[in-house]
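In the two complexes that follow, chain A is the common piece, with chain B as its partner first and chain C second.
Right, the complex of A and B next:
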């Protein structure tokens, strides 16, 4: 008896062969040009990622014009907090030097974002005060200098 | 994360409670990542039901065999779409498929998906339908004749010997298909279960829990689709079919419930340092979706109803509507389970001392309208497939 190969199988084998070669051909044309340039990814994606607008300048950029403030900050507990943590994104201001392009925070709520009592925070990391008790009705800035909190104003 | 959030992190701190890290304010995985495991689960579940029927030769379920296969196919065709719209780069989406990477858990999905689609589902359906398609291509005229011709791949042999081979090869595919379906959905669970940093996800039970909930949802869906088809075709619903599917659903639901229960008990007893935050999570932000939607509506009520239906055999109408309600409730329950896993796992901070909140958007590639679209599209595809390959017009095979 001759060995029987069901017709379905031969036809499917052909179909799969066509499918796989089609895939290989398509792959040849579709793989992006810069793929594999640096690793298993599209090299040009680095350029894409660099495209979005920059918002933060980093505090090194501030020192060029505000060295005085850095000198204050350096001496006190807020030393580890970078300028833009409080003043918001500063790239626009760095380029323009305009006051309107940067935030100047005020108010008790602002300092409270980090300092109000919060059971979830470690006291040892951030000192906490109860906004409802600590010198109520007065702005923090009347007594504390934000850049040098322990250098109390009168 | 939305780009403008980077600019004024403070302004959105109101989303957060307690202490969280800056990159946790916004959820990276939104509703489309909830829909994705839900859809893949339906595929795996529907397929496993069909396979059980075939491998164990459950005669009663005959009318649902093709329905289950076509349901699985319709949902599988859409399964990757939620991911693609979530990544919001549809013009580059194909790149992951043509440049697969063997060590990336995410990229492995391309392989798993292709294997399941090409080698398992399409082949099984093809072997099953080939004899009928040959007959249809002879009956029909014009375009449809050509369509069926192409679908048969030109294999027009309907001799008993060829038919025997259709059955034999189809059977082999089914046997290969069961572990494949397990892998397909186990893989989805693995994606979550393998994230070490997240105590809500990281458990070796995750793939298994996903698998069982997938079976639950797939079985419920096939039951629902069967009832809807009978309604539109104005044919009588075969209660034996419902009873048998209902029995499977009952047993799988028990298993699923037990497994998830064990997982939670283990968590509660271990009470690792993450336990406090998880306790707050489930009793707070997840209360409605976990205890009410998933536990009560999606599991307990269906379980009790199904148990009741095991010996309540009187009013046919009552039983039918009970099965209808159960299948819908179960689907809601499994959807909520996906929600609780995906969204729940991102609501608490890895510092274990704070929460963020999830704002569900309506529009956009990552919004709820998009999600609804991907859930409705498979129903359209299924309608088309049922029109193209009507199971009720198939040529009866002689044993």
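Right, the complex of A and C next:
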């Protein structure tokens, strides 16, 4: 028996072939190079996400220069608090060494962020004072050294 | 007689062919969607698989984490864009719950409910849960958000089309559209810091050590030790998101 392909099927097959090859060509140009390297995403995006500059230098970078403060802090309860918690992002200061590039917070409100009374703070977690009662007109730093809060200045 | 034989062998052939095809299709389908069934660990065992612990008993609501996150990641200043924020829950004596988060807790908290009316009160720091089966990844139509080999959920900013599906899909409200870049933005667990062996900014500045991150795969890490020794809970466990952010001492009022 002769194998007969109807002409409309031939035309359809040609049309399909054109569409499929067009799709493959388009796909080749549209899908980024590293797509699917690790999963259903652009592999190079992992590198993009690791690129941004850091602003917080990390405590060790501070101690590389400020050994004296490390020794001070070790002796008191603020030892576990990293420098940048109070002094703010320090990478700029690490690179420049300028005093203007680091914060030196003062004021009762700043200390109060941790040390003001609040029903939600556990007593075991932080020592709390009532800002409205405790030496109202004085700055915390007049009596307390923030690096050694329990060594009173006078 | 011969015809019967042909028929039965053809039936056999079709049967086994169908079984084989079905098994192949079933296997490939199961393999690709196994992360829906359980939080599948990534294949590369040499990399850490990050998890996070937040100890609510230790959080004092100073807001250092929220502030550090904004500064480290250049998050827009407006008070409604947060990758990381703190909420104060107060359960009153009559049972009603009041939740406040002034400016995401960035400037600390003032007690809003007087002591006499307060039954209990606590802070809940919130951030991306870095789910192992995250809804935000499943809805992304272009593959612009994904689980990194370290288990960190990241966004490909060059590929994101800003369609906002993921913002809606996240049950924890951890995503937003960046007002300038017009693409999805979220906590990256400071991926750029992790790659430099630095702690995420929020963990670096937390004064009480209420936050912890670590390798879930390393059975001797501090994080795994903490998880073993405490009763921890994830947010919205019924949604089966495979969250890797564990809260210690989480109250049932937290949504």
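Just so it is clear, the second predicted complex is superposed on the first by the 114 of 154 C-alpha atoms of A that agree within 3 Å, B and C clash if a C-alpha of one lies under 4 Å from a C-alpha of the other, contacts with A are read in each partner's own complex, and residues count from 1 in each chain.
By definition in this document, contacts are C-beta pairs under 8 Å (C-beta built on N, C-alpha and C of every residue); 3 or more make two chains touch, one makes a residue touch a chain.
Values in this document were obtained by computation on a predicted structure and should not be read as measured data.
Looking at the superposed arrangement, the partner reaching more residues of chain A, out of chain B and chain C, is C. Contact with chain C, but none with chain B, is seen for A:54 once the two complexes are overlaid on the shared chain.
Of the two partner chains placed by superposition, only chain C is touched by A:84; chain B is not. Of the two partner chains, chain B is the only one touched by A:26; chain C is not. Of the two partner chains, neither chain B nor chain C is touched by A:97. Applying the stated contact rule after C-alpha superposition, one finds that A:121 touches each of chain B and chain C.
Of the two partner chains, chain B is the only one touched by A:8; chain C is not. Residue overlap on chain A between the chain B contacts of one complex and the chain C contacts of the other covers 32, 35, 40, 42, 52, 55-56, 88-89, 113, 118-121.
By the touch criterion given at the top, residues 4, 6-9, 11-12, 15-16, 19, 23, 26-27, 30-32, 35, 40, 42, 52, 55-56, 88-89, 113, 118-121 of chain A touch chain B in their complex. Interface of chain B with chain A (complex): residues 3, 6-8, 10, 13, 17-19, 94-95, 98-99, 101, 118, 123, 127, 130, 153-155, 157, 161-162, 165-166, 169, 351, 353-354. Listing the residues of chain A that touch chain C in their complex gives 32, 35, 38-42, 45-46, 48-56, 58-59, 80-82, 84-85, 88-89, 112-114, 116-122, 124-126. Residues 57-64, 68, 71-74, 88-90, 107-111, 113, 115, 118, 120-123, 143-149, 154-159, 188, 191-193, 195-196, 198-199, 201, 204-209 of chain C touch chain A in their complex.
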